[in-house]
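What follows is subunit A paired twice: with subunit B in the first complex and subunit C in the second.
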Partner chain A sequence: MATRIQFENNCEIGVFSKLTNAYCLVAIGGSENFYSVFESELTDVIPVVKTSIGGTRIIGRLCVGNKNGLLLPHTTTDQELQHLRNCLPDQVVVQRIDERLSALGNCIACNDHVALTHPDLDKATEELIADVLGVEVFRQTIAGNILVGSYCAFSNRGGLVHPHTSIEDLDELSTLLQVPLVAGTVNRGSEVIAAGMTVNDWTAFCGSDTTATELSVIESVFKLRESQPAAIVDDMRKSLIDSYV
Partner chain B sequence: MLPGSAAPAAGSGMFVPTQTVGTVLCCICGVSMQPNPANMCARCLRARVDITEGVPRHAAVVYCPDCASYLQPPRSWLRAGPESPELMQILLRRLNRPLARLRISLSGAEFVFSEPHSKRLRLKLRLRREVLHGVVLEQTHPVEFTVHDRLCDACARAQSNPDQWVAVVQLRQHVPHRRTFLYLEQLFLKHGQASLALRVASAPGGLDFFFSSRSHAARLVDFLTTVAPIRTQTAKQLVSHNTKSSVYNYKHTFSVEICPICREDLIALSPQVSRDLGGLGPLVLCIKVTNAIALLDPLTLRVHHLDEKKYRAYNFKAALTSKQLVEYIVLDIEHESPEITVDGSRYQLAYAQVARASDFGKNDTMFTVRTHLGHLLNPGDLVLGYDLYGANLNDDDMDTAMMRHSLPEVILVKKSYEKRPRTRRWKLKRLPVEEDGANKAKGEEEKRADEYEEFLRDLERNSEMRFQIDLYKDDDYRSEMASTIGDDIPSVPIEELIDDLSLGDDDEEEDGEDANAHAGMVS
Partner chain C sequence: MRLEKCWFCSSTVYPGHGIQFVRNDAKVFRFCRSKCHKNFKMKRNPRKVKWTKAYRCLHGKDMTQDSTFEFERKRNRPERYDRNVTEQTLKAIPLITKIRHERQKKHITNRQKQGKTKERERDAKELEQDIQMLPKKDVMLSTQKTKVVVKVSQQQTEENLMEE
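== the complex of A and B ==
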């Protein structure tokens, strides 16, 4: 189910939050409204953690993660790092990396199996990503833009990319990611997809400017209509328990 | 697109895969469309965004019904015909500021028909504006202008008092003939100087030009300073004044007096003047009058130019004028020196034996004189000259000169040709001058006609003078065949004539002439 929310009257949700299948990170806002929406959707399913990174609130664009791990930029303070390590479940590996491109959320887009990265990313970082997040890494551009983390958002079920992506690119990306992709917009025609929305396998949150058409596109490509959180998390729990055993 | 991520150029040797642009759903209505910067389909864009918001739909424009001109605030009135490009310009200028403030650009405008008596002008504008993320939208927008009638200042003044003038130029020359004014009239026509005059009236001794503004009159006076030796005096008379705004209305008068020396005048210089001018012989002929007088000593062939101020210092008068020219027949000519060119004209000193035409058959009175016309004269020619032998002059300087030097008996001035009434191939335009009925003397009309005929003959003879004025081809000319062959009567070559454009209307003729004026000019 896709929900429309705002962070302090701003529709760019993906900047102030990070949603994965195992946890959710939320920026600290003046009022508790933002946090409470996430809470109402996600309590009992996954932990919702309020944090800052490097003292800033733009946590969605600075960090990248999936159910296996979380990567933080070098600007993260030790306290924040410790706080995150404490709050997140133990399976999630929280790692701070030294990368020149410190806005990891803008440079890397990933789901639980595949990651797309900025073409200029360090080799060492690439290896770290493969290691910590447990994904296959591909260097790509989207519609000629090198900031892949900003212009596409994908989960394990589907993905939304920049509206100007050509059909050949769409096919290529779809083959790489092994998920259906669609070119579309969010927040009433905004092309910066990942900044305007955040998504995991059963739910999505979009900026309140998102029109009904865009919402329907999102719901259809991410297959959110039939999904129930319980079913998916149960699946995950089973696999998690498996790993313990 | 970020910098550094441009696609490789097609001809650079790299393989560039084809890029087909996919379709996206319009974020408002969901219709499938090509992506654009706003990611909304054109209809949603146009529905959501009205770029003509804030653009005025009505405006007012002021029109003067008398002279069909429109007001361009704050004060200028521009002539424009109905639905003409000038009118479009005036109307669009009214809309410039609101459009610029809203950052809307105009990509087209056209008139929508409205009845001429409806006092409404309708324009359809095509406006272009950038909205939302760089999408440029174009939209049509009708604007209606209400026309208010108001007399412009000039028409109001003209209507309240049709004879009202603000400045007058009184041009005078104290000589008995009107040759100068005939020539000046042609000059005015050529340079369009009298076009601004409200009226031209003739007065005894000259012409009066009436103007509606002082600067126009000053312009005419400035022009006159360049073409004639004149002396100006100005005067003004207070008509009214506004105490509150301290604006004074005057009537200005320019009294312009042209120097009384004309071409072909014989002047006797007093010994002091003669000495001042470098020993110029006591008798001099005036050969050319521009803004300086050219004096030729016929016996030494020296030319001296005297400008207006110097002339006023000496203030001599002509002893003999061209009215007093007498006809002579050349009996014999003996060239004394070779032909020389002085000041653009050719002269040659020669001894000529002449007899008066009236004396020719009757007695043997002959004169041997020195003349400057040696290059023109042959035995048997008719020549016009001043008869000093038989003249009865009332001139002190002439008397002094006669006492001191031995004066020649005859001074030859110009060659004369058989007087024949013949049609001319060319004609001149005339200024519309109001005649002063009260001052007409008997026989004046005939005198004027004679003077005009003389003037035309002068023009034929003198190519320099012709250069200054416009001559028009006379369509009614029928050439006289046999008589013009073998004649050395000077006539105007056809290359110098301008084709007169006549469109039936007198006003249009004037315009046509101005347009044509430089087309057929003398090379």
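== the complex of A and C ==
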């Protein structure tokens, strides 16, 4: 179910929040409306954590994560690191990495199985990604752009990429990621997909500028339409709950 | 807030002190004071500048490898907050610093001990070779006779007096 929201009158939701299957991070300083939208969708299912990274609010673009782990840039302070470790469930490994390209959200796009990375990423970082997030890593570009993390958003069920991606590129990426991909836009024609929206396996949040056409494309490619919350949670229960007490 | 180390001299940089320089390759250099910053700008290698920790550790003047240094490593994977662990850590910190300081002092005294023994050897050799240089009355040779004071008992002298 895709929802339209704004953060302080700004439609770039993917910049101020990070949504995965196991947790949701939101920036501090927004109005309570912003949080209440996330909380109404997600409260009992996954933890919604308010945080800053390096004292900034652009957390969606600085960190990258999936249900297995969360990677943070070296600018993250020790207090923020500790806060995240306390708030997130124990299965999620929280790791800070030393990397020249510190905006990890712009350089890495991942779901629970595969990650696409910036071609100039360090070898050590690539190994850390494979280790912490438990994914297979591919160095790729999207429509000639090296910032793969900003120009595509994908979950375990589908993906949306930069509108100017050629069909061959689309097919190649689709076989790499093993999910159906569609080239589209968000927020009334914005090409920076991952900055304009944030998605996981059963919900998506987009900027309020997103047109109805874009929203329907999003709902169809990420397969959100047939998702009734209860049915999806039952489906997801295995990935959400580790052990029955 | 984090207490960083100066890149040049390795002393701690407290909040409100020093300058940070960010190079084009995104490497950050922190300096504790303008002395270190200016030395950096002159492109001096801290391993060759005698008063820095880098020089001292490289040349074996200061203790380099010790288990107490492991406690202060930067960690990138945090652990969940546990009150007892935090309490014990806070209690342990002054003990660890005390032990570290003592070990560092010991390292330096051990290093200087060799100098002391060498000095004694030199002094012994000098005594052996150059003893003629000293004035004779200051030198006690083993061949000289020593005066010994003998105590006479009081009773015997009284008896002598009595006889007379």
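A few notes on this one:
One rule holds in what follows: the second predicted complex is superposed on the first by the 227 of 245 C-alpha atoms of A that agree within 3 Å, B and C clash if a C-alpha of one lies under 4 Å from a C-alpha of the other, contacts with A are read in each partner's own complex, and residues count from 1 in each chain.
Here is the rule we go by: a residue touches a chain if its C-beta (ideal position, glycine included) is under 8 Å from a C-beta of that chain, and two chains touch if they have at least 3 such contacts.
Keep in mind that what you see is a predicted model, and the values were worked out from it rather than measured.
In the three-chain model built by superposing on subunit A, subunit B and subunit C fit together without any clash.
In the superposition on chain A, contact is made by A:I167 with subunit B only, not with subunit C.
Touch criterion met: A:N145 reaches subunit B, while subunit C stays clear of it. Applying the stated contact rule after C-alpha superposition, one finds that A:L176 touches neither subunit B nor subunit C. In the superposition on chain A, A:N86 contacts subunit C only, with no contact to subunit B. Of the two partners subunit B and subunit C, more subunit A residues are in touch with B. Between the Cα centres of subunit B and subunit C, as seen from that of subunit A, there is an angle of 100°, stated in steps of 10. Of the two partner chains placed by the overlay, only subunit C lies in contact with A:S102; subunit B stays clear of it.
Legend: residue contacts after superposition of the two complexes on their common chain; A:V45 is shown touching neither subunit B nor subunit C. After overlaying the two complexes on the shared chain, residue contacts for A:E191 are found with subunit B alone; subunit C is out of touch.
By the touch criterion defined above, A:T77 reaches subunit C but does not reach subunit B. Subunit B and subunit C never share a C-alpha pair closer than 17 Å once the two structures are laid over each other. By the touch criterion stated above, subunit C contacts subunit A in their complex at residues 1-2, 25-26, 76-81.
Listed in rising order, the residues of subunit A touching subunit C in the complex are 77-78, 81-82, 84-86, 90, 93-98, 100, 102. Listed in rising order, the residues of subunit B touching subunit A in the complex are 1-2, 4-7, 17-22, 24-30, 35, 38-40, 132-133.
Across the interface of their complex, subunit B is touched by residues 141, 143-147, 163-170, 183-185, 188-191, 211-214, 216-217 of subunit A.
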